[in-house]
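The structure appears right after this line, and notes come after that.
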């Protein structure tokens, strides 16, 4: 049998395979160049970018939990200008699509970051992180309110000609409602899930472990929640989906595709194994070979339920 | 030093220690009598009871996930009458408070089960599970809508003179909103969290593992989410709280108390170790001895955050 | 009972099949064949749940080393199929595991004098060995019909023969005994005055149950289900009883009402 | 580099302190003292993250058994403090672990002829041994100031002395060397023409950094932080740089910009 066809096209972005790296877990790509072939994976997503450089939260910022980890990095990043000057030139030389993950602290900031990225060569698409508090509106998180999400996505859409991926928060009663709001507002694809809000306590010191008190839960622990949400959204919304949450190996990744994802992102797994993204793509291919499946695309949404 | 005071009073129910068993994970008590001393724990919560016997879901009903498990038992139970006839007599002879967990498929059923339990000797209090779909209202889950939750709790309150605990669902955008709705409607205490909705997929068979497709995630994986919610609710609502979610040992239990819980429930841990509830109570006491803490009550809400 | 047990030995008896002997308290000597153990393979959360295994043998011996009198043990025979059994297979003498045992309802041996017909597929042979031992101790006539995909799946036949059990073997590929299903071999032998005890894959049990009902031969089957608690509390392991219907549901707990059932108690497809 | 490494030995050198030798590829011979390894203690999700340890030694030997030429190894010296190190301490010769190494920025050894002053507290001695070895190889004069709560915390002093390092010891309880803080002993010796290399608990590093700044003695400190990735990607391990303020934040990654910093790069309290 010839090698299976692993390629997918996501919202117009052609990828050699469905494996992307998740925002905030792969730096700006270069950090992992020693551990895997950046040209072996489907796409790279940058750390979340904001208009100005952002310092992030005080430390401790991370803590391990059972089967997962909490992070409260606070979206530390170099800012959009430094990204363009310092990070993008390196990435342009890598023959793998780069998705710029962006966020804002106000509605307007979202729009400005998006327009700054528009027209930039070397950025194949943008992923909008709406799991951020709106500082102007008492801190309510954009991604937990359908109205606010719609506003953000519409604004970004007006400011970009690039494929627009919206990344959904799992901390909601009805993820389908949020997905529909983003679809209506012009999203070209949806990625899910971002982290679940959690907390860890240091019993002896009687204090939260994280300086920020709460943080985002990621890793294998959240996979069942992520799979459920991808499946729910896939049934209700026609947009292509990117499955994220606790993907550690090729089988995990393929499960997300069965649930309806066109591509997947590898997050926490890259900390355990910096070559995880490449390994996962290989394991997926290997599974296809063993099962005699010709194209990975035939698995998208192929769950019998 | 003399032995620390482990007793707490929860919504008027005096308990020898803060350790309760969680609904659906401890049968009707008798199942565990060979493995622990039922009179060593704070209180027992029954499997969720409904007006009529309920068959529950087809199998498979459970599956292990990383750091947790999914269940879709479908609330199989003997029904309120059989509980009173067959299970309660045994429990009456155990000198430990019994909390009857109840649910309904319609608003009215909640009211009826509650009134059937009212005045029953041997039932120290009731815990209302509002994580159930309202079959009359297109299946929307009572516990994810503040209005519906308020209605259920008000109705149950009118039908009972027993201490009323309301068990909150974590599958919501704003657990504080739900907690306030239940408090306003007359709850005497809140327990949280119930399971997070999740899903598992059998890649080779291309089918969901659970016959019911989705199920409830419990175990260590969910502990960070549970801790966060207990802490959020404790800050906003004056009612006593019961912390639930992934508690496996005495340290876990005490962390929930720091976050604001007056008592805690042990669920999945009883499957790994049928003596878990008793062991956890012992471990908590041991910690107090080591730290020279006189009363476990001094830890409630003692987190410095 | 719940106790910490020391692994006494853990040997690969056939490719991928292990036989593990574990120390047990004296009371375990009264365990009934067909009962099972729930074993926590490590004290981590990965894997989270205990794993169920039939009792392959219960007995006692006097250890070589001083300071321990008669040591009661239990044995399991298991196939490495996933995470938990893989970890199990790496355990050594001296390692500790946490056991719940004896769980569930075992085999009812029936009146003396009948021919006792044991039918096992693959690892389903495990509980039948302890059963055969107890039956032979009572002086019963015992025949074993053992099946598997190939010779490697037909386990511990010598041990059965050493007990004085007459054995018949069939494998799907004919690498041991007859080629074909063990149920075909069984069918040729089956007659009145016999009592069947079966354990193995569901299709096999299905065939045996039907055959026995047709011939009016009493038949007990040992079932498997995905289990969490093992004590009848979680209601995860239920099976449909004979009279189950969507309207009048009738579920049985494999862990508590079983794992051994009279075949007519259950619903067969 | 990422590679599977075989545990060669894993010995308890002091109560609760272990020294573990692991096989490594040839390229590791060029690792710089002060660099560290990220080690996955098992291939389960519990514990989830890798654990960081300083390089205690790097070298090579010819194994007894045939078929392997010169075998490069690296060593770590670790204290059992929690889940991960407990699992580590149970590993044996032949077990495999997954390593990322060499990570981070190591010590800059400075010009020849200075007196090299090493200051270590408890397990902070670990990276200093490899440093001392390299410095002595260059023919430098090396003094070690080692501290700990009690004698059990003062590790491998004989090994340092065998290298020709002059050692000074202080313990909180006086069970070995002087009673008191090692920084007090250090203060008496410190003077110009020296270069400090320090590793240990933050309060100790704080005191050493301040002392060195007062005396104008160049000082490098090796820091610890809770790490997830070890490669500068997660931004979990940051520390405040010297000019950090809430308005003009200046964070440094311990894993990538460190773990060794010039003391004036960081903000001390």
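In order of appearance the chains are A, B, C and D, and numbering begins at 1 in each one.
Going forward, a contact is a pair of C-beta atoms (placed from the backbone, for glycine too) under 8 Å apart; a residue touches a chain by one contact, two chains touch by 3 or more.
As the structure is a prediction and not an experimental result, all values here were calculated from the model.
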Chain separated most widely from chain B, comparing mean CA positions: D
- request: Weigh B-C against B-D on C-beta contact pairs and write down the one with more.
  value: B-C
Cα-centroid distance, chain A relative to chain D, in whole angstrom: 36
Message: Based only on mean CA positions, could you tell me how far chain B sits from chain D in angstrom?
response: 47
Task: Could you tell me the distance, in whole angstrom, between the mean C-alpha positions of chain A and chain B?
output: 34
Field: Residue list for chain D, restricted to those that touch at least two other chains
entry: 45-46
Query: Could you say which residues in chain A touch two or more other chains, in rising order?
result: 65-68, 220
Message: Testing understanding: with touching defined as stated, what is the shape of the graph linking the protein chains, line, ring, star, complete or other?
response: complete
- prompt: For the complex, which residues does chain A have touching chain B?
  reply: 65-68, 70, 144, 171-174, 196-201, 203, 206-208, 213-215, 217, 220-225, 227-228, 231, 246, 251, 254-255, 258-259, 287, 302-305
Query: Can you list the residues on chain A that touch chain C in the complex?
result: 66-67
Task: Name, in rising order, each residue of chain D that touches chain A in their complex.
output: 1-2, 40, 45-50, 98, 100, 225-239, 246, 249, 251, 256
Residue numbers on chain D that touch chain B, as the complex places them: 45-46
Query: Okay, in this complex, where on chain A does chain D touch?
result: 24-27, 31-32, 34-35, 47, 55-56, 59-69, 71, 73, 76, 219-220, 248, 268, 270-275
